[in-house]
Structures are given as C-alpha cells and as structure tokens.
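The letters A, B, C and D name the chains in turn, as written, and every chain counts its residues from 1.
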Amino acid sequence: MIDYQAILDEIYQRLQQRVDKGEVASYIPELAQVAPEKFGIYLNRIKGDDFYVGDWDEPFSIQSISKVLSFAKAFSLQKNQVFKRLDVEPSGNPFNHLSLLELENGIPRNPFINSGAIVIADMLISLLDNPKEDFLQFVRDISNDQTIQFNKKVAASEAETGYNNYAAANLLKSFGNLKNDVDEVLDFYFHQCSIEMNCKQLTKAFYPFANRGKCMQGKPHLTLNQVKRVNAIMLTCGFYDEAGEFAFEVGLPGKSGVGGGIVALLPGEFTIACWSPGLNEKGNSYLGMHALELFTTKTNLSIF
Amino acid sequence: MIDYQAILDEIYQRLQQRVDKGEVASYIPELAQVAPEKFGIYLNRIKGDDFYVGDWDEPFSIQSISKVLSFAKAFSLQKNQVFKRLDVEPSGNPFNHLSLLELENGIPRNPFINSGAIVIADMLISLLDNPKEDFLQFVRDISNDQTIQFNKKVAASEAETGYNNYAAANLLKSFGNLKNDVDEVLDFYFHQCSIEMNCKQLTKAFYPFANRGKCMQGKPHLTLNQVKRVNAIMLTCGFYDEAGEFAFEVGLPGKSGVGGGIVALLPGEFTIACWSPGLNEKGNSYLGMHALELFTTKTNLSIF
Amino acid sequence: MIDYQAILDEIYQRLQQRVDKGEVASYIPELAQVAPEKFGIYLNRIKGDDFYVGDWDEPFSIQSISKVLSFAKAFSLQKNQVFKRLDVEPSGNPFNHLSLLELENGIPRNPFINSGAIVIADMLISLLDNPKEDFLQFVRDISNDQTIQFNKKVAASEAETGYNNYAAANLLKSFGNLKNDVDEVLDFYFHQCSIEMNCKQLTKAFYPFANRGKCMQGKPHLTLNQVKRVNAIMLTCGFYDEAGEFAFEVGLPGKSGVGGGIVALLPGEFTIACWSPGLNEKGNSYLGMHALELFTTKTNLSIF
Amino acid sequence: MIDYQAILDEIYQRLQQRVDKGEVASYIPELAQVAPEKFGIYLNRIKGDDFYVGDWDEPFSIQSISKVLSFAKAFSLQKNQVFKRLDVEPSGNPFNHLSLLELENGIPRNPFINSGAIVIADMLISLLDNPKEDFLQFVRDISNDQTIQFNKKVAASEAETGYNNYAAANLLKSFGNLKNDVDEVLDFYFHQCSIEMNCKQLTKAFYPFANRGKCMQGKPHLTLNQVKRVNAIMLTCGFYDEAGEFAFEVGLPGKSGVGGGIVALLPGEFTIACWSPGLNEKGNSYLGMHALELFTTKTNLSIF
C-alpha cells in the first residue's frame, strides 16, 4: 500500500529547499511577474482518493498544456482527417521549429509544437461557431468546472510580442496550410494558451485521458481509441526536445507549458499536475520535472 | 477472455493475402535473397500460454533489433555512464543521420540509430574480454537458448558494403567519440547485427523487458529501473522516424530491424515478435507494422 | 573590334525562337499577367555607344534587383555599420531561407536574400525622413530619370500574398533584428520591389557600379571602395542558389528579379540588362541567363 | 606608377609586429610543428617584375590549395563531364560539410570542399596511369619547377588522423559517387595535399589562371574558357564559409590551405602568394587574409 501523501510531502520538502529553481519565462511580459517560489502538486487517482501539497489551488497560465485539449477537440470532431495537415512524429529539434516546417513544406511535425497547434487552432476556427467561447466551454465541460477563464491580459501580451508565432503562422499560410486569417488564428491561439487553471483543475481536465475517454462525471468526451492516440503523442512529443528524457526519467504521457505547469497521467491509475514557474533550459518546469521523476521512482508507477 | 489464437489467425489470414508486402532490403546483398512471402507471429505471455502462427520458427537476421540487446548489456555494465557519450532523444530525422551527428558534435541522439549503436559497440569492446563471443553468450543466456548464432556471411556482406556505417564510425572517431579502431568496432557491430533468431527466440530474448528484468528462467538480467528506461527508449526511438507513428498506431515499446523482424512488449503482459521481410518506405516490416497495429486494436492492449 | 549589335542580334534571334521560355512567376498575381514572349537586351558601354535589341524600352517590375539599390543606399549612409545586422556570405541554400535565419539567430546571410533586404528596408526607414519617397528619389537620381515610379498595384498584390516575407520579418523581429513595425517595413519593402524600369533605365541605375561610383552625369553616388564591395556581393550572392552557376557561366557581378529582369556589369566597361519574364526553376530569367552567358562567351568579356 | 616593393614592405612590417597571429592547425600533427612567426609574400606580375618580402622562399604544405590544381587537371581532361558528379555552388556552411553532402545525395557542392576534392581525386585515379606520379608531374610542369615534392610524412600523418575525410569518402561511396577504393582515393588525396611549395612556386603554379591558360614558359595548360571558370569557382568557393568575406574585402579569385598559404590572382595582371601558418577561426591564414586585404586596398587592384 503506497502512502501517497507521505511521498508528495517528501518530494515537496526536498525540492522546495532547492536554491536553483530555474528561470521564469520572460518572453511573455505578463508571465514574467509570477513569484518563482510557487510550487504545488495535485494527484487525482482514478479509483481512489486525491492527494496534494503546496500551491495546488493557485491558478496559473496553462500555455502549451492547452495544445492537448485543442488537439483532442479537433481530433474528436475530425477524426483522422486532422492528419492530412500535420504529422505525429517527434520533432527532435533542439534549436528551433521553423526550419523543419520549411523543410517539410508546411506540414508540422506534430500537434504539440507551436506550428502544429496553430494548424489545430485554424481547424477549430473553421469547425466551431464561436471559436473562443466554444473552446472555453469544452475545457470547462471536460474539467467539470465552469469557473475556468481566459486571462485576457496574458493573451494581449502574447499578441504584442509573439513574433515567432506570427512567423510560424505566416509560413504555414505561405504553404497553404492555414485556411483562416493569420490574425484571427493567432487571436484564438493566444486566448487558448492564456487559459488559467490550478493543479487540481488540470488533473480533472486530463482525467478522460486516464479514464478511457470519460471525465470525472462519467461522461464520454473521447473514444478509448482516441485517448490512446492522444496519450501516445503526449509521450513522444509532449516536452519539446526533452520528450525522450521525460519518457526515460518519468515514463508517463504528459504535457508541459511555459507557465511552469506539467500534467501527466497513468491510464487507469491517476492524473497528476505540478506547478512551479521556474523553467529549465529546455523550457519545462525545473521543479516539476524533478517532482514527477521522484514520484514515479518512489511509486514505481509508469507505463513502462 | 481474449481468444489470442483466433486473433493471430485472423491477422495472419488478412495480411498474408495482401499483394503489396513491401520491399525486401537490398543494400545488404545476403539479405536480399530472403523469400518475401515469409510471415510469422509469436506471442509470449508473461503469465500464460504462448500463441503463434505462420513462419514463427524460421530464423532471420535480427539486424537493428540487436541494438536493444547491446544497449541493455552496456547499460547494465556502465549504468548512467553510457549517457556521457550518447543521448536519449528521438532523432526525428526523415532524411539521414550523419547531419545530426555532425551538428551535435559527435553525440548520437540515441542508442538505436546507427551511430548510437556504434558507440555502444565501442563501449562493449572496451568492457568485454572477448567482445563478440561474450556478447553472443549474453544473447544466448537472456534468451535461454544456446543455439543462437552469428551469420558470418551476412556480417561479411555488410562489412563489404556498409559504407554509410564506415562514414558514421569515422565521423564519431573524428569527434573523439570512438575509443577503439574503426574496423574493430564495425566488425563487432556487423556481427551483432548478423545474429539470427526466429520469432519465438526473440520473444524470449525480450522477456526480461516485460518481466521486470528477469528472463523466463527467473534470472535477473537488468534492474526494474533499467528495464523501464530501455522500454522508454524503445518507444520513443525504436522505429527510426516512424517512432511516433508506431507509438500512435500500436502503442507498445518495440524495435524493428531491416531483416523484417519486429519485437514489441507490454510490461507485465507479453512480448510479441513478427517477421515479414518486405519493408515499408521507412525501413520497417510492412506486414509486421500492420500485424501489430491490428493486434493492439483488437485486444485493446497497449501501454496507453 | 567587337560588333556588339551583331552579337546582340544573334543572341536575340537564337533565344527568341526557343519554345521553352521558362515559367512566369505566379505567386504575385499582378506579375502573372505579363506576356511571356517579351524579351529585350540593352548594353550601356562606359566609354562608348549603347546597343539594344527587342523589348528593351518596356518597363517591368524590377523586384529583387531593387535590393542592390536599397543596400547601396544604406551602405552609403551607414558604412560598415550595416554589417552589424547582416553578413556577406552566400546562402548556398537550395531549399529556403528561414531555416538559415533561424539557425544563425536572426542575422541574414547577405543583403540580397529576402530577410537581408528586409533588414536593409528597416534601416532605411530609420534613416530616411520620407522613406518611400526618398528612396524612389534616390533611384531616380542615380538613374538620371525622374519618370521612374512604384507600381502600387504590384505592391498591394504582394502585401496581400507575401506570407513568406511576413514570416521572415516576424522571425527577424523575434530575434530583435527589426527596429520598426513589421507592417511598416514590409510596406516599404513591397514598394521598393514594385519599382518599374525598362532595360535602358536599369543599365543607367547600375552605371555607378561599373564607373567607380559615378553615374552617367558624372555625379558620385558611392565611393570606389563601396562600389567594389557591392559588386563582390552581387557576384557571390546575386542569384540565390544559382550564384555559383552565374559566376561560372557568365562571370559578371549581377542581380536578378522575379519580374524576369537581370542586370550585370563589367567594371570600367559596361552595364547590361536583359528582360524576359519566364523563369528557370531557380527563379532567374530563363532567357536572360542564357543571353548573358552567350554574351560573355562571344565577347570574352568577364571579370575572370 | 605603383611602388609594389614599398607596399609589400609596409604590409610586412605592419602585420609582422602583430601579437595575435592566429592558431597553427593542430589536427594534422606534422603541421602543428611549423613556427608560427613565419610570414612571406611573393608578387608575380604577368607583364613586369616580381616583388617579395619575408619567408617567401621557404616551402610549406599547400594542403587545400592543391584542390585548384587537381580540379584544373580533371577539368582539362574531362571538360564539363566533371559536373555530373559535383556542383559549382558555394556551400555557405559555417558548421560542416557532411550534412549538405547527405542532404544532396552525395553530390558535393563544389570541387573545393573536401568531399568535392575527394570526388576529383577519384576521377584522377581513373584517368591517370600512375595517379600520384602523374599528378605531381603536372604540378611540376605547370610551375616550371621539377623540384616540387610530396611530403610523405605529412601524407602519412593525415592518413592516420583524417577520420573526417574517411567519413566523407565513405559517405560518397554509399551514394555511389566514388568509383575507386576508399583507401586508394584518400591515399592519393593525402599525397596531393602534402605537396610542398614556397610562395614563389605557388605564384608560378597559378600563373596560367592569370594568363589565359598559359604558364610562364608560354605553354598552354588550360583554355581561356576553362581558366575563367576555375577563377569563378575560386572566387565563390575558395575560402570555405569565408568566401563572401574574401570577395568583399579582397576582391580576387584565390584559394587558401590549412598550411597557412593563400594564393590569389588578378587576370592579366598578377598572381600573389602569402604564407603565415597561424589560422583565423574559419581556417584561413590570419596574416595572409589581412595582407591581401591591405594589398588590394592600397593598389586598388581587384576584379571589381
């Protein structure tokens, strides 16, 4: 019998006292203001109690974590049609993402690199009546939490400084892989990334991926087949060019965001979310990566 | 209760009648002579009976599948020291492998691309008294089968035509990431790749990776921690630039070879091996990929 | 004594009857409407008569040829300061230009690839009081022709469809190598490219580069030292990834544009301009390349 | 009237007293032993006297400078046939050369990068009866100097440590762009690079490139057409990824070698050779680059 609370407490103690907590993302001005010492973990067990520690109930910007939810939405609506416009291979690219996009004629490597997520945003704009409102509602429904909101200041901040995303969207457009207007697509994309959730909400939003497609209320949002595929992409592509390292050290499907959040899951067993805003040099939460590594090492719970 | 035999039979029937069976690898002259219609599957369940169909007992050249075994051997001897000389990230490279090796100063992306496996071969030469004999003995022991052999004609054939591997080894040497002589390292490497096994033997050789490190005789060969890590690398890097696709469609750690073999596994549940010499355009067994995709779809058994 | 008129006539006859004239650029809608059979040559000798044939007096869109003039202007104003923000090396890149820009942290390879010319446009906006008007006046003055105009329809057409240039400008911005607003810079850039000139006017505009910096009226526009450097960049970078081929086959500094124009020069001897809107697969005028190759072969006049 | 001796003396004085003279190449052990303070210049005027200063009569390893001579030999024997197996574009590659070779399916960018010169060596082996002897004789004849020799110790030193060249040759072989045996080709190549000449001899060897194909004895070695093309390739590809810089700062066709030699020429006017073994970070002679830059600035003699 595993004493989850003791394990979370020990991880928290051990990591919280580290002097080096990584660097808070500075390229989005609004995000740069978050206190670097924040740290929380929330464990949501499929058939069992929840456990948590630290700042688990403080909302933060989920950023790239939203890519899993937008992809899941597009995948559920379009099925394998989505793969006409993007691929499912890891990018394996330590430097940057436009090079590969250019080399591969505007077909993004996978839905979790920026260019791939922008293509998904473009699809959702074509598919949804009120794209931003409808997507936010989807996130609220899958999380069973109607309080979840965009942070409009963060979205505006990214719209002002997100030149690299404008570059990606225009490059996609030049290859004919963007149907809607660049500004419209990026407005959606920046809003999607600006969604704020706390660790507990994140574990609820990702519950269906660990529970054969059904959310905590038992409502089906995705098929088992779709859930398995989304999990596979998270494992191979969820952590930029540190995906192999995360699979190697942690061994769970998961996704990180530059807001310092990481969510991961073991099918049939649990979802878990960590938050600490300091990032390592690959752009993933420094304490979050270590916390999950310690968690799977101590519990021996991983997909491998 | 899953009727494994019925599932294997159905997969076999359905795929065996396909006209398109892919292309047999021609760059190693000895391999080009294998009959393209060969097709076999062997399922080895951890706590249960075995099931099989077709040419499961016919030996073939395991080629790159050997990279998992050589890495496992080096990893068990050197622990995390191996990662001073190579990484664990997917290469994500559709064209070729020397470019990345050059760009990353002679540090191979992972142990399952050729350059990575050549570095592992170099380590084993430094570590083993009689490298080729000792490694073959390790493969025999982990498989509990003393009849396993090198195919010296295949090894010689590859030594004569394997210019790309000579290029990789020399490039590694130019970066100081090869300690032994290029010819000596490649002689070992070509022998390792020339090992012949049938589907049944392969499922036995990979049994420890599904059984917490212990082979069918219950003898520990690797720690649970090591096994989880090897499985993670298989999942993210086991199928060249089709790794994401295999994770997506099949959802199991596995490894393919240009001899047409594929071995895959579900921890705690089974190891499975397929063999069909025709390859798809990515260099993985055409029927083998489809067989495993059908198997995990029909059984709903995958890590995700 | 060379009979220039006979040589131009022969080249014109020989090439005019070719069935294959290349493809008119279609990515800028306005340019796609030009008649593909247009073909003219104008030779402007520094110390001697002019010679011409065909449609030498019909104006066309100079497009990338304008990059030499904008660079010359910025270079004359900023001297070697310009090289803090771009380089002078050939890009050698057959596929595309954003990859290199990304790999080299936003420093364009040279002023004649799009990203380099966009950086130059950004400099001119900062340096000139009325950027578009002042630059047009510079082109008129150096050409001694006050009738030269922007084609506002072409500029607007490119602003609507030039996604790749928007991608480049945003990528430059993301690396901090664009000081002004993306839209403002590209508005200037698209206007600069839309300038219309005929072959005769082009030979006048490039006269200073063959005449130690002085235009036909004898007025100095650049120093000898600057002229030599601009000529060097034309030779190594003037024809995208066909620069080596042009140096090899023609042996003159020159510059091409997707409008089908090419201008080239031999210091102290002549400037020459060709126009034929059909392009080869590298994006350079198909007949124009051949015309210049024949011209230097027949006259034995080249820098080598 | 230019006072060449005064100019050479001034350049010599000014550069000789520099503390920073670059780094002597260390990757070929034999070359690492050369005294770094050596420095000589020799000017050979086509229609006029010679001028020289410093260590102009001391032999050094010409290394990559030999690529011009081997290419000239192959080009004179095979005409444009040589371009079936290599191209004439600058590589523009700051990092390394195998990447491009791989990306472009074994067709080297130009004859002056290592892989291109190795293809040329392969051609010469097929074309010459006694490849090494015949090529050395060609160099002696074009230079009108029968004392020129291979340095067998340097050739042997490079054969032992030239792993990068072995990688390139094997990669070429894997693409089918090497007809002869890898070891045989590299033995020829390492000998060719090991040729020793002094500055005066180099200016004689390159005399035909400035004199319409005829050597100092008036004997034709190449056609004017061939000479112009070799000069064009020297200009665009003669200095690795510093070719643009050399064209920009010096403005002459030329070629450098890691032995610290540089030879350059102005058609109809002169050939000039510099030697100083310290290299800049691009692998070109540090003082030699500066000497030529000062020489063309002071004399205003350049092709542009």
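Structure notes:
FYI, a residue touches a chain if its C-beta (ideal position, glycine included) is under 8 Å from a C-beta of that chain, and two chains touch if they have at least 3 such contacts.
Here the structure is a predicted model, which is why all the values come from computation and not from measurement.
Steps from chain A to chain D, taking the shortest chain of touch contacts, total 2. Considering the contact criterion stated above, no chain is in touch with chain C and with chain D alike.
Distances between chain centres, each the mean of the C-alpha atoms, put A farthest from chain D.
Its C-alpha atoms fitted onto chain B, chain A is found rotated by 180°, rounded in steps of 5. For the pair chain A and chain B, the distance between C-alpha centroids works out to 32 Å. Here the spacing of chain B and chain D, counted between their Cα centres, is 47 Å. Between chain B and chain C, the centres computed from C-alpha atoms are 55 Å apart. Annotation for chain A: no residues touch 2 or more other chains. The set of touching chain pairs reads A-B, A-C, B-D, C-D, using the touch definition from the header.
Considering their complex, residues 87-94, 100, 104, 109-110, 224-225, 227-229, 231-233, 235-237, 241-245, 247-248, 251, 253, 267, 297, 300, 302-304 of chain B touch chain A. Within the complex, the chain C residues that touch chain A are 95-96, 98-99, 102-103, 163-164, 166-168, 170-171, 173-174, 182.
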